[in-house]
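Consider the two complexes below, in which chain A is the common component and chain B and chain C are the respective partners.
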Partner chain A sequence: MNALALLGRYFSASMRSQMQYPASAIMLTTGQLASTAIEIVSIWALFDRFGAVKGWSFGEVMFFYALIGISFSFADFLTRGFDVFGTDFVRTGAFDRLLLRPRSAALQLVGHDFRISRFGRFFQAAIILTIATSTLNFVWTPQAALLALWTVAGGIAFFSALFVLQAVMAFWTVESLEAVNALTYGGVYAGQFPLSLYARWFRTFLIFIVPLACVAYFPVLAILGRSDPLGAPDWFLPLAPVAGFVFLGLAFLAWRFGVSKYTSTGS
Partner chain B sequence: MPQILVQDLAKTYRVAERDPGMFGAVRGLVRRRWRTVQALKDVSFSLERGELLGFIGPNGAGKSTTIKILSGILRPDSGRVEIEGLVPYADRIKHVGRIGVVFGQRTQLWWDLPVIDGFDLLRDIYRVDPKRYRTTRDELVAMLRLEKLLDQPVRQLSLGQRMRAEIAAALLHEPSILFLDEPTIGLDAPSKLAVREFVKKLNQERGVTVLLTTHDMHDIEALAQRVIVIGHGRVLADSPFEALRANVLAERRLFVDFAGDPPTLDLPGVEVRKRDGRSLELAFDPRITTAPALIAAITARHAVEDIHVEQPAIEEVIAKFYDLHGANEA
Partner chain C sequence: MDALRPYAAAFSSRFLLMMQYRAAALAGFFTQCWFGAVHVMVLAAFYLGAPEAAAESPLSLSQAITYTWLAQGLLAVLPWVGDPEIADGVRTGAISYDRLRPVDAYTLWYVRAAGWMTARLIPRVALMILAAGIVLPLIGQDQWAWQPPASLSAALLFTLSETLAIALACAIIMLINIVVVATLNARGVNILMQPLVVIFTGNLLPLSLYPDAMRVALLVQPFAGTLDIPNRIYFAALAGQMAWLGISLQVFWTVLFIAVGRWWLGRVMARLEVQGG
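Moving on, here comes the complex of A and B:
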């Protein structure tokens, strides 16, 4: 059985085990929807008081917010195993169990769990996207839709990379994982606003170090048909999400290094 | 060529030492103090196809490290391992497809899924041919009496039931080698017997090579033809258990209930271990005197109500052995 078919089996096993507790799955999903909904209310409050912020309207910011939310919810759904790697695999020794099976550890971690509740954030973001569309009177041309899919794909790769890096950290320490959590959840938050609002050093960081801007800010400009007020060339904007995939590739290189460190030290 | 070949294995760990308290944890992030622990110094042995080996030693002796290296999840510092022509840690994915591993204290099944669903997933993970899988699974289910458990989620099983399911899970891909790490830990008596009986059958009828680590010496007594004792990272003994017993604690015990007060005995090679009312427990060296001769000598002179002979319990033999080698808990 090939890796993709095996992931399908893992997926259905994960769904069945969550369906052992259907009420819990529904409540967790609703909870995610409600808690993320509060975020958008706080952003609305900001714009309601100040009108546009540095030339960005609330509708446009909702667009950033929604696409980031959709990307993150899928990444969180797919890489749960990496998210809990330090606590549930390294600390408990369960990682040995994965290494005892004739499949790559990364594949097994992806298959470890698919949390239904992550769709709470997805639904919330999808609703915001609908509202943003009508607020801006935005017309979804086929090009815009394709570009949005491409942006989300890059975003999924980007956030998945953050979860993989968080797991890599666990090979060295299982005690400072909160530091990486600041990157993942902080990333979601930072990506919800247009890059031009940030200070120069932070913009550099979000473009070249942790390339969040490449999977949010730049391609969303392209979707909205705006030029970058910071001066990035128009041809670059739709290509930017490639950075998400490059980032993911680098994260997996780090992962391999971590695994080989683990098998040589046993901890 | 033996099926499992282990030569001059050595492995050193670096263990981070951390100061207590929150400041200790913070300091530990910046600068760590390391302590080295030499888990394996020099371990060599080989195993032929179809052997059943008991691997014993006190905690910290190097058992788990050896098992981890043999199963491909840990790389030794030096030495050589070859199992069916593969180097486990160099060719992990290929190697682990050929072995089965059961850890007594860890589950490999899916907690919230029915047992049968976990088995099906393992079939896909190990790429077992579906037809072949059904045959193997049904045999294992029958041998381990799992019929009634198949539809239950793993979390609802008792420890004994779960261990039987775990063993079946480790064998679905028909490995030619099985590593059992404390398979009877925490089990009740009937479950222990069931596990032992199954392992014996698997070894004798299927010719599966079994490497068993345990602290339960009854497992060793019931199963192992050969025993390796490991301590301080070295192989301290490698022999059939009876040979180990003969070397370490050859003495036998004679329990005598006298009709009256027990007499003072003065026989060559015999020592009184315990005196309790009318009963005596004697230890004798079978190389100096035999049980029949000793019984004859006692019953000729004294009135005796009951008499029986025992060997020292296997735990006692092993404890004595650890003691002799200074191998108590490292």
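Moving on, here comes the complex of A and C:
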């Protein structure tokens, strides 16, 4: 069986097991929807009180908010195994079993679990995107739609890379490290606002070290047809999501190094 | 005094246990710094971009920044989830031991929750003061720093109000615990609490910054007493009679929730089904 077919098997097994409790799956999804949607209320309150911020309207900020939310929801859906890697695999020694099977460990971790509830965030982000579209009277040309898909793909790669790096750290710390939450959930939060709101050191960090801006701010500017007030060249904006894939590649290099250094804790 | 000894022991044993988790405290601190920094930069962008609206705002920028650091430093005080020990006890059946102890179950769980909360609070708030209150001014970034209390009387009132905030948050956690015991599942109620806490405590955005029409409603609801009221007393946005009004609200909600919790726990425990074996 090839890798994709195997992932398909993993996927359907995971879906069927969650659908044994349909009410629970629906309630968890609704809960995710409500708890992630609540953030937009505070952003709305700020715009209501202060008006546009550095030339950005609420509609445009909703655009940033929605696309980063969609990217994160898919990454969160696909990388659950890496998210729980420290607690459920390293600490318990269950990773040994994965290594014995004749398939790559990364593939098995992707297939470990797909949480339906993650679509709660996706749905709320999609709703916000619809609202943003009508607020801005935005016309979805085929180019804009393709660019949005490309942005989301880069975003999925970027956030998946963070979850993989979190798993890599677990080789040394054994537990899953919550500090990475600052970059995952905190990254979603930071990506909801245009980069030009931030101080220089933080912008540098988000472009060159953890390239969040390359999968959120720059390509969204290209979708909205705006040029960068900070002066990034126009031709660069639609290319920026490549950085997400490069980041994912580096994360998997780190992962291979981590696996090679792995010593079992299990009994 | 002997009657209180088991509760004091329950508090201190939980406190000392939670103090062992240094890595968790450091991780929490890192996350707090990140969120605090982003919040501060976003608030500053809004305030500095609209000087007229900023002048009319019920909080000045420096107050809003101090509020943000307080909110991050005091994150552990908020009633995010029920006590995980109770949830575990419900799942494994260990909760039946608590029925056998010759102590009052409500008080025992309440002081255990208080020990759990304060032990997570102290290292996190200390590191936050160090970073945002001492290091930031020292490196010349005073306008982004956690400012000291407005006055000595504000500091004293804040201490009282923050103590009440802990008491109130523990009373809310007890209500969550009781829902967990009654429904035998912690996940549902914990998911429900998160959006409520994030908005209504002022954790995401100071409550005074929501539209003015909502201000009274936001101030009197119970979650304001866990964060927003002490914060505003800290920089004297609530002073004099208003400060005492805020403190009375905290007392009111705490007493009400403890009364409801005691009555409800009695009912739930009377027909408790124990699982596990």
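Throughout what follows, the second predicted complex is superposed on the first by the 259 of 267 C-alpha atoms of A that agree within 3 Å, B and C clash if a C-alpha of one lies under 4 Å from a C-alpha of the other, contacts with A are read in each partner's own complex, and residues count from 1 in each chain.
Operating definition for what follows: a contact is a pair of C-beta atoms (placed from the backbone, for glycine too) under 8 Å apart; a residue touches a chain by one contact, two chains touch by 3 or more.
Bear in mind that the values here come from a model prediction, so they are computed numbers and not experimental data.
Visitor: According to the stated criteria, A:Gly51 is in contact with first (chain B), second (chain C), both, or neither; which is it?
Guide: second
Visitor: Tell me the contact category for A:Thr173 with respect to chain B and chain C: first, second, both or neither.
Guide: The answer is both, since A:Thr173 touches chain B and chain C.
Visitor: So in the superposed three-chain picture, is A:Ile38 touching just chain B, just chain C, both, or none of them (first/second/both/neither)?
Guide: So A:Ile38 only meets chain C here.
Visitor: Tell me which partner A:Ala23 touches in the superposition: chain B (first), chain C (second), both or neither.
Guide: neither
Visitor: What is the contact status of A:Leu99 with respect to chain B (first) and chain C (second): first, second, both, or neither?
Guide: Touch status of A:Leu99: first partner only.
Visitor: Could you look at A:Leu4 and tell me whether it touches chain B, chain C, both or neither (first, second, both, neither)?
Guide: Once the two structures are laid over each other on A, A:Leu4 reaches no partner at all.
Visitor: Figure out whether A:Ile209 sits in contact with chain B (first) or chain C (second), or with both, or with neither.
Guide: Neither chain B nor chain C is touched by A:Ile209.
Visitor: Once the two structures are fitted together, what part of chain A is touched by chain B and by chain C alike?
Guide: Common to the two interfaces on chain A: residues 173, 175.
Visitor: Using the touch rule from the top, collect the residues of chain C that touch chain A in their complex.
Guide: 23-24, 26-28, 30-31, 33-35, 37-38, 41-43, 45-47, 49-50, 53-54, 57, 187-188, 191-192, 194-195, 198-199, 204-205, 209-211
Visitor: Would you mind writing out the residues of chain A in touch with chain B in their complex?
Guide: Within the complex, chain A contacts chain B at residues 1, 5-6, 9-10, 13, 16-18, 20, 93-94, 96-97, 99-104, 108, 173, 175-176, 263-267.
Visitor: Along chain A, where are the residues that touch chain C in the complex?
Guide: For this pair, the touching residues of chain A are 27-28, 31-32, 34-35, 37-39, 41-42, 45-46, 48-54, 173, 175, 177-179, 181-183, 186, 189-190, 193, 197-199, 202.
Visitor: Going by the contact rule set out above, which residues of chain B touch chain A in the complex?
Guide: Residue list for chain B touching chain A: 13-14, 25, 28-29, 65, 68, 71-75, 89, 92-94, 96-97, 101, 103, 106, 108, 110-113, 117, 120-121, 124-127, 153.
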